[in-house]
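So that you can tell them apart, the chains are marked A, B, C, D, E and F in the order they are listed, and the count of residues begins at 1 in each.
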Amino acid sequence: MKKKILFIDPVYNDDFCDTISEYLDNVKRSDTDIEVISLGKKPGPEHLEYRCYEIMAMPDIVRMVKEAEESGYDAAIIGCFYDPALRACREVAEKMVVSAPAESSLHIASTIGESISIIVGRQKWMPEIKETIHKYGFFDKVVSIKPLGMGVLDFQKDHEQTLKRMRRAAIEAVEKDGADVIVRGCTAELGFFKELQNELGIPVIDVSLAAFKYAEFLVDLKQNMDWTHSKRAGYQSPPSEEMAAFRLFTN
Amino acid sequence: MKKKILFIDPVYNDDFCDTISEYLDNVKRSDTDIEVISLGKKPGPEHLEYRCYEIMAMPDIVRMVKEAEESGYDAAIIGCFYDPALRACREVAEKMVVSAPAESSLHIASTIGESISIIVGRQKWMPEIKETIHKYGFFDKVVSIKPLGMGVLDFQKDHEQTLKRMRRAAIEAVEKDGADVIVRGCTAELGFFKELQNELGIPVIDVSLAAFKYAEFLVDLKQNMDWTHSKRAGYQSPPSEEMAAFRLFTN
Amino acid sequence: MKKKILFIDPVYNDDFCDTISEYLDNVKRSDTDIEVISLGKKPGPEHLEYRCYEIMAMPDIVRMVKEAEESGYDAAIIGCFYDPALRACREVAEKMVVSAPAESSLHIASTIGESISIIVGRQKWMPEIKETIHKYGFFDKVVSIKPLGMGVLDFQKDHEQTLKRMRRAAIEAVEKDGADVIVRGCTAELGFFKELQNELGIPVIDVSLAAFKYAEFLVDLKQNMDWTHSKRAGYQSPPSEEMAAFRLFTN
Amino acid sequence: MKKKILFIDPVYNDDFCDTISEYLDNVKRSDTDIEVISLGKKPGPEHLEYRCYEIMAMPDIVRMVKEAEESGYDAAIIGCFYDPALRACREVAEKMVVSAPAESSLHIASTIGESISIIVGRQKWMPEIKETIHKYGFFDKVVSIKPLGMGVLDFQKDHEQTLKRMRRAAIEAVEKDGADVIVRGCTAELGFFKELQNELGIPVIDVSLAAFKYAEFLVDLKQNMDWTHSKRAGYQSPPSEEMAAFRLFTN
Amino acid sequence: MKKKILFIDPVYNDDFCDTISEYLDNVKRSDTDIEVISLGKKPGPEHLEYRCYEIMAMPDIVRMVKEAEESGYDAAIIGCFYDPALRACREVAEKMVVSAPAESSLHIASTIGESISIIVGRQKWMPEIKETIHKYGFFDKVVSIKPLGMGVLDFQKDHEQTLKRMRRAAIEAVEKDGADVIVRGCTAELGFFKELQNELGIPVIDVSLAAFKYAEFLVDLKQNMDWTHSKRAGYQSPPSEEMAAFRLFTN
Amino acid sequence: MKKKILFIDPVYNDDFCDTISEYLDNVKRSDTDIEVISLGKKPGPEHLEYRCYEIMAMPDIVRMVKEAEESGYDAAIIGCFYDPALRACREVAEKMVVSAPAESSLHIASTIGESISIIVGRQKWMPEIKETIHKYGFFDKVVSIKPLGMGVLDFQKDHEQTLKRMRRAAIEAVEKDGADVIVRGCTAELGFFKELQNELGIPVIDVSLAAFKYAEFLVDLKQNMDWTHSKRAGYQSPPSEEMAAFRLFTN
């Protein structure tokens, strides 16, 4: 059964869409069709390190998810490790499933390991990431969160340098913190997990891939057992007349 | 020392601004100036029961907070019990403090009582409210969250009926759940706390007033000790050139 | 890529193997081969309600997992909601992944809902099930665990009666406890989830199916990203000479 | 509206009363009258580092609170970071509010920051302080508790030395532990917060000031909304005849 | 090896000393000598339901423990379920061990059962009892705390009535809350545990006996392995000159 | 009253039985008879560092406990710090009590100290030990778990070397982690606690002795108050006919 999946890179440029797309293509199921889009090229945040940037992107993420559902997609992925607007997207999606990197990677990491270390960019991110971990229930599994002292836009500047810092943090996570699985806590940290994984001999979770594979999995559950976001409480959809009256999807 | 405070009713109509204004005037410090505004009259959510509605309002809340700071306000209050965009507002506010109803009322309630019951509108709200309670650290103090089976817009429809349901829930909270303080978990539930408080003989927290008095308190702390939102981690402000480049405050 | 999966019904009779097999066949991926076996027909526990019964079955479960790996299986499933011997099986499996019903169903349930109710057989089961929920990190998501007052062997006696009790418990879970997803906490409760799900309008997780689909997912992760049980700490394999010396796999 | 507030320095000498008094005068509201007294000059503990010292002071604290209420005070502050006798004082105070440094400073710190580090005197204090943090609900916000290796009486001996150690601990709290707000966990550590705050660029909470400003705030809440300690459960007052029969206030 | 143990009934009358004494005699080890005393007959609290009553008794408890140690006792028991002054008593005891009812009974109950229900007198007690449970680490084991609506002095008024209410609460604890062990949370509830235990078929912990047997056990550990209260941190003793200067033991 | 106690060394050789026996004899009550046996000399695990080894030993542990009960023992001790098969043994024991090292030592350590450090062999053990600590409720008391980098079989190889590493870890636990009590988390680490205890000046818990003394204590509670494992829920015994039909005790 076909699975049409949309990966949203929630920033206002297309710089990484092709890279992500290739990247996902390598690991997709044969019955999956994947498309990667950004929020467009109008001016707006080009990364979401700050909560106020996230918020600027959120209405567009919600609208894009709604459109995706109407275009027949089976799943949408919100490609940022803060999982921005996840509950809102699940509210507006009535037939489609929605996945996000932090949720997906923590479910996977806590299944294949028991002591998770998350490598992040800057200390600034930590309060929000800690909240997320708590919310999903994985606080006791996370043995450390390690900032590299690099912003999102720094990651791709000097790959050599990035990989070097990441390696150092990962080794410390394993030896000092006792981690048995590493989560690279940023969708911008593309393309390094394989090397690191081979070097360290433990799983290194790329969070974009995690969200993508989890999306496939959720679609599979829906197609076969009709298990999908419950509409009873937190993911309840608003009345459609109200959404129209409030101009939710018309900007 | 003067305290200029802005109360933002984060919906797209002015229906309650005057009522809230009068209401706050009764309890303000003599050195406080208060103004109440909504997000304006353009089409948009008239209540924020759904996360997707919250998200639509958030960019305007953030912008309004930024403008308030530039106009010389000392504090802004985000008048919704979900505390929408609180972290983002604290990021963009560099001189001003920001308060919100859930945070404020839980700090107060857990100081004057030890077993809190929160009366909310609908079961739909509960997952997000539970997350908030956890985030602020008050989970072990909350003995019950009691939905009335009413939406935000229902509260003001039939005051008699609303008060009746609220009274029933509150009595059960005290007698069955052992609550010694009640939090009315919605800013729309204006005007009932005094009656209920007198009847029950225990404090009943009106969350709009709580957020307002907490804002005054935070301004006082800032004016006297320079204690205000730390800019070191979660509330760090983005670089101003970046905010400009990303068009954060120009819609 | 082919996925060979073994479902172990960890009891000493084959009574349910065919039923389970049919049942899984309906929901499997096209690239999955599934086989269902029990622990054989020698005398031994025919259900695992007691911890001492579990323990009697555990060495055979571990041996069977080891054999499965040697026969080229990609995954094994331990078909009991206590997840018996899960860590031990992951220790001995060096190439294969292992899944189990409680872990799998709680990961799924906490993704598609936020307030889980688990319907179990008897109060006797509850301490061990609570421990499991805590261990996996989902304690705050579980709003109730509801015993039906029925043992494992009672479930299939009178389907009409079982379904009736289950329905009553599920309705109470939704209306009184605020559940938005139901987990039927026993692998013996086969065949009822669809009806209940349709009636209630919320997801009802069959835990055998959950474990099976999660196994497929874990194999997929391994085949594509080489993400699999970390051998660094808790799932570390013993030295093979020691296992031989200790006669681990020769009874 | 006038606010008469009593600050109790719960030790048996008046050495610090004048200093504290001046100190509070600088930050008080214009409508606040403040008086600072100790437990008197009879022999007794001159600091409360040990629980057995606290206990010796507690009956006098309770009596002093009762007298303060009868003399028309609106609030009493118990000036020790262990918050000694707080519940007992709230029981006997029927019209007055009572605040204490740990409770007050943690409420404030967790509002203006998200990662709190508490600087204390000696490791001896830590178990009781940890209990307090847990009790108030702020355990997850506290990233470190750092003992200086100094007793209460050492703090004022060599200001230079004290400030030096405090600075070193604070810098480590920020850089290594990721703190974005510092709480100086002792009322005896008077007079250093401003320097430290300016140096570090993050809020440094003086716990005596915190308790004082929180007391003003609580009085304000009582005067305007009649929100004050609930008498329903933990803060219930004993029957007055029984207190008389048990000679609670006559030593 | 002889074990001299002092049971302190921390109230200002001797009414129950003989009863307690007889009661403990029945269950003591052959090598134990037990003495039961109260705080004397001077006016003071005759029960400790209120925190302010506890506090009045605490200095005398501490002094009595110190004297007991000097008289050669091996252990002292503080006979009240609030465990008043436990840390302080352990500070001043340098050779002796100290036990208390809540700590002792919760350690025992959580070993012989897994789901504890505590039957208490009045809702007033609950916040302090909850704090205690948290502090000792048993929060997740306690499935309910059930107030009988009776004060300490009511328990012995009408034994028939007390037993009746206690039975009703206990049955509800077992059937509705799933308790498998009952703790009777008051030292004044003497003499009922056997009947209730026989009726219910599950252990019913009398908290005075629990504290007594735990004291014997702690003395045994000290005599044989020299395991006793660590003097490194929370139970550190003050310098003896300081205690003398502060008149800790001379009233 | 006589107390017949069986200590089971759950490995397949008798190498340590005599040593353990002598060791326990030194600290036993005068009314205690102690016997130490292993699981026999047939091939099988000689240590239980891996969960799969534990599982191989569990059925024999359960059978041995059953036999002990039938031979008139009052208590059995499962001599491994993972507490293998503890719940199962309590299920099959209908008159006898069962104790185990982790449970016993954590109850004792958290009574005589407040900040526990556990010294273990290898990082491999940590996930299972953490689960155990959580299960028993002592997570907040444990300030560190420190692996020595030594397997069970290494401990007795070079006593000098073992003691040296243990000392270094213990000193770090006290000075850096703030521990006030040490638990040596392995039953194989025999014979060192006294030296270490004297050197460090804080209690050092030998977990075999802890389990033994706790067993004596539990027998005492049973003999005097009839407090013993509740048969209501988790420790419920299976029906005896079913155990016979399932061949639980006949291998």
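In this section, contacts are C-beta pairs under 8 Å (C-beta built on N, C-alpha and C of every residue); 3 or more make two chains touch, one makes a residue touch a chain.
In this text, all values refer to a predicted model and were calculated from it rather than measured experimentally.
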| item | value |
| --- | --- |
| Path length in the contact graph (subunit D to subunit F, fewest steps) | 1 |
| Of all other chains, the one whose Cα centre sits farthest from subunit C | D |
| Interface copy of A-C among E-F, D-E or D-F, judged by whether over half of the contact pairs recur | E-F |
| Inter-copy rotation, subunit C to subunit E, in degrees (Cα atoms; steps of 5) | 120 |
| Subunit B and subunit D: spacing of chain centres that average the CA atoms, whole Å | 28 |
| CA centroid of subunit A to CA centroid of subunit D, Å | 44 |
| For subunit B, residues that touch 2 or more chains besides their own | 114-115, 123, 126-127, 134, 140, 178, 232-234 |
| Pairwise touch network: line, ring, star, complete, or other | other |
| Complete list of chain pairs which touch one another | A-B, A-C, A-D, A-F, B-C, B-D, B-E, C-E, C-F, D-E, D-F, E-F |
| Residues of subunit C that touch subunit F when the two form their complex | 12, 43-46, 49-56, 58-59, 62, 85, 87-89, 91-92, 123-124, 126-128, 131, 134-135, 232-234, 236, 238, 243, 245-248 |
| Of subunit E, residues touching subunit F in the complex | 26-27, 29-31, 97, 103, 107-108, 110-115, 136-141, 174, 178-181, 193-194, 197, 201-203, 205-206, 209, 213-214, 216-218, 220-221, 224-235 |
| Complex interface listing, subunit F residues touching subunit D | 114-115, 140, 178 |
| Residue ranges of subunit B in contact with subunit C within the complex | 123, 126-127, 130, 134 |
